[in-house]
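Two complexes are shown next, each including subunit A; its partner changes from subunit B in the first to subunit C in the second.
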Partner chain A sequence: MLDLLANAVVSGLLLGGFYAAVTVGLSISFGMLDIVNIAHPAFVLLGSFIAYGANAAWGLDPIIAGIVFAPLFFLLGTGIHRVYDASFARRGEESLRGLAFFFGVLFITEVALVLAFGADYRLVETPYSSTSLALGFVGVPLRLLVPFLVSLAMITGIQFALDHSFLGRAIKAVAQDRLALRLMAADPVRVKEIAFALSIATTSVAGALLIVIAPVEPSLGRDYIGRVFAICVLGGMGSLQGTLLAGLIIGVAESVTATFYGPSWSPAVAFGVLLLVLAVRPAGLLGR
Partner chain B sequence: MRATGFWLALGAVLLAALAMTELVANQYYYFAGYVVLQYVVLATAWNILGGYTGYVNFGSAGFFALGAYSAVALTKLSAPPLPVLILAGGVVSGLVGLATGYLTLRLRGVFFAIATLALSVVLHTLIINWDFVGGSRGAYTMRPPPLVFDSYVKLLFVTMLLLALVAVGAARFIERSWIGRGLAAIRDNEQAAACSGVPTLRLKLFATTTSGFLMGAAGAPFPLYVTYLDPSSAFSLAYAVNSIAMPLIGGTTSWIGPVIGALLLGTAQQVATVTISSAANLLIVGLLLVGFVILAPEGIVGLWRKLAGGRRQ
Partner chain C sequence: MCYIGNLAIGTRMRAAAAFALVLGLAAPAQAADPIKLGFGMALTGGLAGNGKAALLALQIWAEDVNAKGGLLGRKVELVYYDDQSSPAAVPGIYTKLLEVDKVDLVVSGYATNQVAPAMPIVMQRGMVFLGLFALAINEQFNYPNYFDIQPTGPDGKVELSRGFFELAMAQEPKPQTVAIVAADAEFARVAAEGARENIKKSGLKIVYDKTYPPTTVDYSPVVRALMASGPDIVFAASYPPDTAGLVRAANEVGLKVKAFGGAMVGLQFAGLKTQLGPLLNGIVDFDYYVAEPTLNFPGIDAFVKRYQEKAAGAGVDPLGFYLPPFAYAEGQVLAQAVEATGGLDQAKLGDYIRKNTLHTIVGDIKFAANGEWATPRVLQIQYQNIKGNDLEQFKKPGTQVIVFPPEFKSGTYQYPYADIKR
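This part shows the complex of A and B:
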């Protein structure tokens, strides 16, 4: 019983670290920029399939593929933000129509993946896929530990860049006071564009981590919509430490639920937490 | 359109459909027509909350599936007639709609939309784990022999048409009455509306309940239509996307917008499913949604008004 619980908690923590990597982009776009990118998980899936393709074609390690393709995702993010900005933000209609726009993008990405790769599960074999470290009675599978560490590194890197560069501070400022940003001789639209592109670039890496952890299929993104928004809101919208903390909480909650009540209940955990947080404390754990 | 003209038009549509059941023998038209009419109900229901009131519901599939599974549960217990199933499905979804209405006290805009999506997934998980209605394996529903028409599909088709007419009539009534003006005031500025004495909470509860009721009623005959229902087809994302895309493409400010959107997009999807593939037709819906949202934010009705207005000047 106890070792079952310990194993569930450890794998939940590792999984939670990975969830934080999936959410960190949303914490930037939704939390800092107020862009409701509901298509975020669909881009994560796109990242997974690109890592899968690179692995199948050139035998590239999926995580390295994720990092290599991140600049391409950055460009994709730039393009999407241009369309979004020209069509909605400037007209002041970003809420309803912007939401519908990203819902459409989510749908297009998913169907495009189904048409390109089929609806089957795809997986990637890596040297660390099937090894596991044993610490007493707790097993630590490397396929969870490696994504966890990569995720920590990515979040720390982004946090460092946000804290210690002019652009980073401008990104944090843009949602709060556009005029003040203008006075500092920075273009708010340009700053938002770069930040949004960065948020899409993280999905390339997150997608690669996803396919290392488990096989993926195109509609998997829907399960992640609830998770990422739950984590983002629970973490306090735009706080990266909060995102990590909330990711760990959701990860452990799901893992314990799956161990003791069966995996078919675990999708409800994140959404249940989300509903609860929205109803009780919309500011989240580490919210301003 | 004046009131009498409108109701006469609805009656004419019904008579035309009844005449069709006597003349057209090919069952396929009833199968396809049922789906299109189902989308008319869903789009109209979504628009009462989304278009009139400005609260976006991403969980249409959840309300629809709740109606369908209420019907499955009832037919497992006894075999009530179709109108009872529809009423029951509507009431269950309407009550859930009422609950989401209370959510609007705390959640505005985007957060409400995300909460409805979350609600839909929670319901999905509950149904998967509820063995009485088949769980993830799905459930078979036996069709009783039709009492009125010579085939059950015709009966379902006419039933769905009646539902669509009721939904459209209700939407038009709401739009033209003081309720619709109150809802529009909430959409434009909720705080200002409350300050001007608009009973915002009561109106929002009315909108979420009516919208939920109609979606549930649209879902209730679905188990009899497919005869085999599993959670992933009942909670399909296609319902959520279509019930948003159709009003946005048609135009959200009047009752005719969702009807135009549903008839056009619904028919196009039926044709595309037969001629191309079912994955491709969903891609078309996504592209149309994005295209219209960017290029024609007022939908087809808005485009038409612009053209008509331009001609007059």
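This part shows the complex of A and C:
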């Protein structure tokens, strides 16, 4: 019994770390910038397929590929934000039409992936995919441990940058008071653009982590929409530490439920946790 | 006047000649109008991997038919739309095919979930309807002109796992307990229901019987939980991403059971075969066709070769064992009925298909009263001798050994699963 519980908690923590990596970009775009980027999981899938392509073509480790291609995702994010800003945000039509825009981006990304890579499931085998560490009676699969550590490093790095740079503080400020930001001689549109681009850049790494953990196909992103928004809200809008904490809680809740009560209860328990937390703390775990 | 008359006569003659020419062209043009075969197919979304492969197979069939002069002297034209893997899109597609495109024949897309919503539309118009891999659809509709291209037989849900359990029960030491783990989705639920009926007959005791949501990411808690219940064998009914998750988790956790597999969708395709590689050794799973010498039907090798040549360009499964031969056979069934009845009368086509044996690249097919194959031919294959992740090994005999049914057996069943080296 104890070994089952310990294994379930460890599996849940590792899984939660991965969930946080997938959600951290959304915490920036949705949590800080108020941009309802419903296409976020589609960019994660784009990251997965690019990591797959790099692995197939050059034998590059998918996670390294995810990091190498992150600057390109940053540029992609810049371009998308420019279109979004010029077409919707400046006209004050970003709420509903912006949502429709990102729906469109979601479908275009999916179809582009089908055309480029086909509709088959893709998976990458790495040297660590089939290895497990045994810590007493707890098994730690490297397939989950490596993404967990990379996720932790990515979130810590972004948080450090946000806390210790002018640009980082400007990003945190832009959602709260655009005018005050202007008074500090910073262009709020440019700051939002960089922040949004950063959120898209994280999907390159998150996508690489995903394809290490599970097989992907172009429309798989839709399965993640509910989960990533739930983690973002549970953690507290715009709080990266909150996102990590929420990811870990959802991961452990899913894993323990799957072990002791049956996996079909996992989503109900995870979303039950969300409702419970929001009832007590409407701003989320670490939201202000 | 004369000039005018001549001119008038000339004009009239030219007009008459032109009219005659138009008539002359029009008559053969009508005769040469193509026979339109309409269908919806998943070209995007979760089912697109199979949908696109089925489309390629049907395109190869149409090419072959047209190269031989078509059907009844008319070319065959495929009219198809992307159903986006969404059952909600299917009724609209078939209504358009029949009302606007005026297709002459219809077949289904892939698979159970896409066939069911098309049924009321085609039934209303009395069309012959060939379903592609639709599990037990006609149980609800009882439509006489429905025929399923899938070798699961009249009682598909039981047949799918019959071999898995019969094989395990024939081994020593005989298993006593079983765990069932199934995706919370249509096919897996039906497969698990069939498994429970087989388990009842075999006398096994169920110690774990749970479903999981298809959005599950990590399967190690599931595998640990079912292992804790102490099963001798594990029956899994899963879709491709969960299949990969379960197989990996089984290896990470060290699943110690006598048999593992059953109704795992995904292992039939090159993607998961090559990516999971040696982790598959020892797993027993259902299949319908593999490149083993005991399944040497006329025309199958040539078809698979042509499909594999085109697969890379079409971005589809490079092996093409699972669905494409059956999609091609679907076209062959229709073609034989059209040629034999000499027309497109749906009642006559239905009668012909119902009463005759059809010759296809997946063997001879005779349909039962409910439109399923009269004689089931669900294979249980065991993955053996897989080394590395190379695709070529799966194109040759020896890695996907047929262990059931006995008449198609191509190798020896390895038992127990836990002792097989991976």
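Here, the second predicted complex is superposed on the first by the 262 of 288 C-alpha atoms of A that agree within 3 Å, B and C clash if a C-alpha of one lies under 4 Å from a C-alpha of the other, contacts with A are read in each partner's own complex, and residues count from 1 in each chain.
To be clear about the criterion, a contact is a pair of C-beta atoms (placed from the backbone, for glycine too) under 8 Å apart; a residue touches a chain by one contact, two chains touch by 3 or more.
Everything numeric here is computed off the predicted structure, so don't read it as measured data.
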### Query
When the two structures are overlaid on chain A, which partner does A:A8 contact: first (subunit B), second (subunit C), both, or neither?
second
#### Entry: Partner chain(s) touched by A:S87 [first = subunit B, second = subunit C, both, neither]
first
### Task
Could you say whether A:V111 touches subunit B, subunit C, both of them, or neither, answering first, second, both or neither?
both
### Message
According to the stated criteria, A:S264 is in contact with first (subunit B), second (subunit C), both, or neither; which is it?
### Response
both
### Message
One more residue to check, A:L144. First (subunit B), second (subunit C), both or neither?
### Response
second
### Which of subunit B and subunit C A:Q159 touches, first, second, both or neither
neither
## Note on the structure
On subunit A, the footprints of subunit B and subunit C overlap at residues 110-111, 114-115, 219, 223, 262, 264, 267
### Message
If we count contacts the way the header does, which residues on subunit A are in touch with subunit B in the complex?
### Response
36, 38, 83, 87, 91, 93, 95-97, 99-101, 103-105, 107-108, 110-112, 114-115, 219, 222-223, 225-226, 229-230, 233, 262, 264-265, 267-268, 271-272, 274-275, 278-279, 282
#### Entry: subunit A contact footprint on subunit B (complex, rising order)
50, 54, 56, 58, 103, 106-107, 109-111, 113-115, 117-119, 121-122, 124-126, 128-129, 136, 237, 241, 244-245, 248, 279-280, 282-283, 285-287, 289-290, 293-294, 297
## Note on the structure
Per the touch rule above, subunit C residues touching subunit A in the complex are 43-46, 48-49, 51-52, 85, 184, 210-218, 220-222, 224-225, 228, 240-241, 244-245, 248, 251-254, 266, 269-272, 275-277, 279, 314-317, 389
### Residues of subunit A touching subunit C in the complex
4, 7-8, 11-12, 14-15, 18, 110-111, 114-115, 117-125, 129-130, 132, 139, 141, 143-144, 213-220, 223-224, 227, 254-256, 258-260, 262-264, 266-267
